[in-house]
Amino acid sequence: MLIAKKLTKIFNNGVLALNEVSLTVDKGEFVFLVGASGAGKSTFLNLVIRQEVPTSGVISVNQQNIAYLKKKEIAYLRRCIGVIFQDYKLLPQKTVYENVSFAMEVIGTKAKVIKPRVYTVLELVGLLNKAHVLPSELSGGQQQRVCLARAIVNRPLLLLADEPTGNLDPDTSWEIMDLLSEINKRGTTIVMATHNREIVDGLQKRVIALDRGRLVRDTPKGGYALET
Amino acid sequence: MKPRSFFYFLHEALLGLVRNRLMSLTAMGIITVGLFLFGLFLLVTANLQYFTDLAWGEIELRVFLKPAVTNQAAIGKQLSALPGVQSVTYISKAEGAVSLEKMFNNNHLFLDEENPLPDAFNLTLTKTADPEELTRLVTAIPGIDEIVFGQDFVKFMEIAIRLVMVAGLILLFLTGLAVLYIVVNTIQLTVYARRKEIEIMKLVGATDAFVRWPFLLEGIILGLLGAGLALLLLREGYTYLVFRLQHYRRFLPLLTGKEINLTLTVSLLSMGLFFGGFGSHISLKRYLKV
Amino acid sequence: MKPRSFFYFLHEALLGLVRNRLMSLTAMGIITVGLFLFGLFLLVTANLQYFTDLAWGEIELRVFLKPAVTNQAAIGKQLSALPGVQSVTYISKAEGAVSLEKMFNNNHLFLDEENPLPDAFNLTLTKTADPEELTRLVTAIPGIDEIVFGQDFVKFMEIAIRLVMVAGLILLFLTGLAVLYIVVNTIQLTVYARRKEIEIMKLVGATDAFVRWPFLLEGIILGLLGAGLALLLLREGYTYLVFRLQHYRRFLPLLTGKEINLTLTVSLLSMGLFFGGFGSHISLKRYLKV
Amino acid sequence: MLIAKKLTKIFNNGVLALNEVSLTVDKGEFVFLVGASGAGKSTFLNLVIRQEVPTSGVISVNQQNIAYLKKKEIAYLRRCIGVIFQDYKLLPQKTVYENVSFAMEVIGTKAKVIKPRVYTVLELVGLLNKAHVLPSELSGGQQQRVCLARAIVNRPLLLLADEPTGNLDPDTSWEIMDLLSEINKRGTTIVMATHNREIVDGLQKRVIALDRGRLVRDTPKGGYALET
């Protein structure tokens, strides 16, 4: 599903954000990506959706090397990946409903399919009563859940979640994790960057740890920190 | 683009305009004012053209014949055939005397048998006439004694008219360019203010076309609305002006009627449409590179 | 505002311009073009004024005296004293005949003793002259037979000149208003695009003045830079034009020299300064209400 | 230091975000504000800095009722409060250094005082090497720490922290908490809205819990959840 080989990213300002990271994520896996602040987690996810281009190394999604994509192909790549952005990236002038439906309009979904699906997803994340307000009228955690709703509404093959519980209380976080597990069980591959020790330790899934851009650990069933 | 898509894009465009109404109104205002200015100068130029057309008809060359000449009719034909000559009027020595006496307040100047004036022709010119060339050709005709300007200010008028026409067109062209620049860049500012949105749309998997169309339509709508408003102001204002100045119509012939309205409408609306669309197009190019 | 603060604000303003250079350049371009247009019409209007001033000197009234009159000198004095009369030239019947003969190509028209022309005066007018009133006054002088326009186009000229002057000033005024609108609203768009920043600054405890000054300075700098650029283009362009047209100087007297440069410089720079500052001022008002 | 009496906030769209909340925070206290996503924590903090005005009720800071303030006084109020915003609110066109120094410029600090202090604070939050980059070039956690640096650089009387560890890994989070405790010991009153159960349970400070706008718990020394 997702293969990185010696993936390196050096930003224009000289920062080495990823340093020869190699990893393989199979279809249907659920992977936690952990590491200190600034370790390179978001950068890795940004490379997967081609928001950034790698400095060197290979990254391929679904057997396709995404280093050489035409503009149109980039759009198609992004359509089969759902992303919960660390900073949400909601369209400020669109309501919650419109933000979610936009992702479906983009792929040309029929109008009559859109409405029920959007409401279903908003219900899943507990925001049915906020459907018609603007993001600026939401609390931090609510915005985060809108972003989640948008990410899953198209039932993507791959779901990238960047700190999806950062602004959620423990109870809501667990609800969201149950939702993600459910989605994972239905076949969606999930890569989730997180700092939430409770969740990582609780679920005992595969954990990949980054440290200053280097892959330092890849445990099939592990906790947030190395067992001590 | 499927039919449903067009309405989707139009809907998005209208939503965009309404949700960013403060910015939209500001941009529309700028476009209105820019196109108003252009339309104003279009009206002024068109009227100057009209005015100089009328003035051109007033320019006359007077061609005097040698006293001995008898084949006036043949010479008249020759003159008519020259390039740049619009009409030829024969003025006999008697008529010449009458008009001269009129000029001097109807004092009886000459006894009939003593009339010292030569026979003459008055020539009016076409707009494309080249007076220097014409003088050469006319004096080459046998029987022509001398050619003079029928009125003192013919030379002056000729240059003034040419100048006004050329200068008017140049100014209009410059104004058009300036308005193009202003409209396009105003639209650019509105797109610039929303570049983050464009980035987000692309990250969610929108193709360039999908992002572009609503913005393009927004630009076009802004341009057309601005143009429409400018048009309204100009037409009402101009009609009012013509009405107020109707007493001066003799000295100040103003263009009225359908033709000028049509020119104004077509040029402003097409500028609004084209500039607005073009403005969004080129600024989108920059921000679609995400 | 303490001295250090001013430099701090200036520094912030310059930083703001540089960090938002795309937007700043776009805005500056719009301002440049707007002021260029204004300057262009200022030049055209100034030259029209100059041109009509010259043309005014050409307008002459010819006043014919009754045949019996002998006190020519006294009448001349009376005429000079009338309001709106610039100069008075006496033209005896002999001189009249000579000039008439010249007009008709030096054919000898009259025998001296038979000269039927009356004595006359040529009057040139000042700019403030009112021809109707003048006609009334002149004909009231005893000994005056009739007053005619010395040249056919005097009436035409008089109206044309008035018209050109008034229309020119109105157009210039409208252009000025339009440019004001465009500049102010362009600045508004730049402030609009940065309203979030203003909000953040206020949340960190900045007073209105603290937020306002850098933006105000930015607006002023943008306005001045735009004006400066427009000025440069206009002055170079105009100098070049005058140079290219120097052969037509006889027919096309163009203003040159310090005075017009000064007018242009002062008006453009002050407009850039004022409009730019005013533009930021009023748009800041809106966003400072956080 | 901070007194709220029957504080109610109803937003324009009819949402009841705070419902008659009354509480008192004394000088030098360290208070955790907890509650589910959308409970009204951020709204409460926004009322304290007068980013929002209360619909009814009284809120006073430092013996001053802030319902009736002139524009200038609002600025002065905000100057003695440091805020870590949930969405950071960094100035996007200013570097990390400038974002922090801006808060000092605002209160008219002398130029030669600013420089060393900014660097000291950036060192405290571990971002000395990022001083001259723009916020857009930072990771989520780094941006959060810049916001923290800006909040504490003026040594405010009152520090409001809205989810200050939401994007930080556990180790960095604890470092930040140590920093906040240190600041608190020096006399700064701290109100911190958080979802971080580990931290709240670990520190055993005063905990105020909100639930759908209502104050439902105020424990002098407690954990994230009610002891069960």
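Every chain is named by a letter (A, B, C and D) in the order it is written, and numbering of its residues begins at 1.
Please note the rule applied: a contact is a pair of C-beta atoms (placed from the backbone, for glycine too) under 8 Å apart; a residue touches a chain by one contact, two chains touch by 3 or more.
Remember, predicted model here, so these are calculated numbers, not experimental data.
Where touching is counted per the definition, chain A and chain D have no chain in common. Farthest chain from chain D (centres taken as the mean of C-alpha atoms): B.
Look at where the CA atoms of chain B average out and do the same for chain D: the two points lie 65 Å apart. Measuring from the averaged C-alpha position of chain A to that of chain B gives a distance of 61 Å.
Annotation for chain A: no residues touch 2 or more other chains.
Shown here, the protein chains touch around one cycle, each chain meeting exactly two partners. The list of touching chain pairs reads A-B, A-D, B-C, C-D.
Against chain B, in their complex, chain A makes its touches with residues 49, 51, 71-72, 75-79, 81, 83, 85, 89-94, 102-103, 105-107, 111, 150.
Of all residues in chain B, only 4, 8, 15-16, 19-20, 197, 200-208, 210, 290 touch chain A in the complex they form. Within the complex formed with chain C, the chain B residues making contact are 22-23, 26-27, 29-30, 33-34, 36-37, 40-41, 44, 64, 104-105, 107-110, 116-118, 145-146, 148, 151-153, 155-156, 159-160, 163, 167, 171, 174-175, 178, 181-182, 185-186, 188-190, 192-193, 248, 251-252. Of all the residues in chain A, the ones that touch chain D in their complex are 11, 13, 15, 34-38, 41-43, 86-87, 133, 137-142, 144-145, 162-163, 166-173, 195, 197-198, 224-225.
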